[in-house]
Amino acid sequence: MIKVTVWNEGRHEKISEEVRRVYPDGIHGALAAFLGTEEDITVRTATLDDPDCGLPQEVVDDTDVMLWWGHMAHGDVPDEVVERVANAVHAGMGLIVLHSGHHSKVFRRLMGTPCSLGWRENGDMERVWVVDPAHPITQGIDRYFELPHVETYAEPFSVPEPEKLLFIGSYEGGEVFRSGCLWRRGHGTVFYFQPGHETFPIYYEPAVQTVIKNAVRYCAPVIRQPITCPHIEKI
Amino acid sequence: MIKVTVWNEGRHEKISEEVRRVYPDGIHGALAAFLGTEEDITVRTATLDDPDCGLPQEVVDDTDVMLWWGHMAHGDVPDEVVERVANAVHAGMGLIVLHSGHHSKVFRRLMGTPCSLGWRENGDMERVWVVDPAHPITQGIDRYFELPHVETYAEPFSVPEPEKLLFIGSYEGGEVFRSGCLWRRGHGTVFYFQPGHETFPIYYEPAVQTVIKNAVRYCAPVIRQPITCPHIEKI
Amino acid sequence: MIKVTVWNEGRHEKISEEVRRVYPDGIHGALAAFLGTEEDITVRTATLDDPDCGLPQEVVDDTDVMLWWGHMAHGDVPDEVVERVANAVHAGMGLIVLHSGHHSKVFRRLMGTPCSLGWRENGDMERVWVVDPAHPITQGIDRYFELPHVETYAEPFSVPEPEKLLFIGSYEGGEVFRSGCLWRRGHGTVFYFQPGHETFPIYYEPAVQTVIKNAVRYCAPVIRQPITCPHIEKI
Amino acid sequence: MIKVTVWNEGRHEKISEEVRRVYPDGIHGALAAFLGTEEDITVRTATLDDPDCGLPQEVVDDTDVMLWWGHMAHGDVPDEVVERVANAVHAGMGLIVLHSGHHSKVFRRLMGTPCSLGWRENGDMERVWVVDPAHPITQGIDRYFELPHVETYAEPFSVPEPEKLLFIGSYEGGEVFRSGCLWRRGHGTVFYFQPGHETFPIYYEPAVQTVIKNAVRYCAPVIRQPITCPHIEKI
């Protein structure tokens, strides 16, 4: 059983009627809903305004794969929580960073780069293309899938060279973006997946749900063991 | 002084009036023309129908960077010439593979994969986007450049994961393609660059010429030394 | 159930009493013996002197993961068989290349490089160190394992940069070697693993058997689908 | 002219007579001395106890490549200085991290991982082996170079997979370590080089000096331009 914690900033839902209409149970609620129906996955949720961001040490320790969604309040996540999550990744926890989470403290902490990009919010259509059809994360997707209205993200995306590039998105304006990227950080696997938005109902799209479910299974820990700096004896 | 050999299959030019109209001196002639005006580059050309494909050992040995263009007659290149070129790359020669050269024997020999892709020939516009604005090969290019009419190439492109992805192309049909990719093979550097065609006048485009000139300089050998499998003594 | 085909050149066993004493059922027999006791693996074997190298199309098609051991007769493997195996890897079959298989036609075909190295055959002790303790292939191994007598392999190993480096070996002479390396080629995964020899009884070592069993499971296909170069319609 | 700033923590030199005997002008002094004789390099130095760590914005802005040596006082470097240096790397500045700098805040900030390793301080001999003989940074080095007495560093080294592995060190105890590794971070290049110590006179070794000089030239910026997150218009 893979233990998933869906973390959502959850602020848009509090201040915008429009967001609440799309995601009445919050973005975390929508993500947890489709993950929770999988037989090999159990889900809990946590948000920024929960005590300790909903991520006290015991919750993080009990999480195999964390999903991270944030946008307008990245700066409100305490550094202490960021370190807790980063350390869990180093020890083996999987992390799936969604959409505007590209600028979250947690993702930038793990990448070591600004993780910036070009952006435009005009509801363009996006086609998300499979680059590697034999990877576990792309299974169940044909050559591409379409999202009728999205926020456009454009290269250059200032992340370290992905260890594996899985998806490239293209937009009506002709922009392109590395929409699905994998890195290892310590013992853990990090997957960035660009689709998502607070007012476009992207997390209800079957293809997006398929990819996220695949990614949860792919990012599940092989081991869970903190990294140390041991003094060693001569053999 | 960087010694460049531009290799062109040269068959389209022989059978098609249309191709001759676009490239009256052959595709090799057009490539050699803009490279030859650079102060630090000397150019020779060679084609499939020259004796020994224009690539006898002494020419290959005297080449720092080779450009490779082929399309309709990949199978006519003798295996012996393919090995000669591959060995030169292993020893340090740079290789720039252009457009339909993705299916050349030389490129497939060096990649170890089919190097296949999806394609469509309807004169779509392409935008070629810079993924890494700080790489020597992308200097002089803004966020992107446009090619008014091209052959569409689409992912998946069955090459090994590029060691550095420099450009992604997008087409009017929404397709995407990893249009500029780098790999090392032995001591040599291989750059694949997708723009090009026999009837669209792509090698006259300033941005395309800029990238190819940058690539010649980047792929120039650091050393030129054949790879051996030495018996070693215990130190 | 993972279907494994262990391929062994099998010539040393025919001409050397010493090799027969170490591997009375051949190197393929020793590899098949420990793999065959795993509940999720079925094994067949094939050798160079079997009809069609023991690798007719139907056997290759029915193989999920192939092990490859060869040494003195790499050149006797027909190119047609090499292409059959390479195409199977491109379509998704896993390939585990052992020890002196570094110079096999199949491995060089898939890497695109000479795959050369420095070597010395004096029975040095080797320590094989884990570089990535959280990878599925290194599970069950502590910081390192020891092989009391081996053939020394030394850098530079002229392969493309490994997509994942898992083991580094060190020898009594102080040499080092990238002893466990992973690459993707098309839809398939290739693992090179340096331990092995025809007269040192290395395939009886528990740590070596653990790594090979892990690698069989890791390299099992995600999909099995030949790579094509489709003409595509504008969407 | 490449402008180099050698940064040294400089604390060992203040408290230890033994260190002062080996490096009478400080480790920064020894590094600056051999770099300063190069015609294409100008050097300045800076230390932890200088005002603003010797790294006010104008010094960082005026630096093409920074060398970083620290050991006992990593925690005393203010976060503000760490961010200033990391931002400069993102904008294009090269960074060469030496020996115990593996645990510096700056290096961990850029890698996103703990950068831990196993260690032992008993004056073993180290052989540093060239993995890639055709890389600009390994020029002038034969198959390996020897350091008579070093601190042993052992795998696993918890860094992201190097984009290019250049050196592997082996020690008398049989340990191995990825001693020379390259990564890109934003527009800048980061080189980690393991040789060095406060009491072993390693920075006087000609081979070590050769590698550091090569690395300075290799890591010099291609561009110097801060990374932004621009709002883009539809083309």
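Just so it is clear, A, B, C and D label the chains in written order, and each chain counts residues from 1 on its own.
Simple rule for what comes next: contacts are C-beta pairs under 8 Å (C-beta built on N, C-alpha and C of every residue); 3 or more make two chains touch, one makes a residue touch a chain.
Just so it is clear, the structure is predicted and the values come from calculations on it, not from any experiment.
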| item | value |
| --- | --- |
| More contacts between chains, A-C or C-D | C-D |
| Whole-Å separation of chain centres (CA-atom averages), subunit A against subunit C | 36 |
| Interface hub residues of subunit D, defined as touching at least two other chains | 118, 127, 132-133, 154, 161, 163-164, 174-175, 184, 186, 235 |
| Graph class of chain-chain contacts, one of line, ring, star, complete, other | complete |
| Subunit B - residues contacting subunit D, complex | 92, 127, 132-136, 139, 163-164, 184, 186-188, 221-223, 225, 235 |
| Residue numbers on subunit D that touch subunit A, as the complex places them | 86, 90, 103, 109-114, 116-120, 122, 124, 152, 154, 158, 160-161, 163, 172-175, 183-186, 227-235 |
| Subunit A partner contacts - residues on subunit B that touch it in the complex | 118, 127, 129-133, 143, 154-157, 161, 163-165, 168-170, 174-176, 178 |
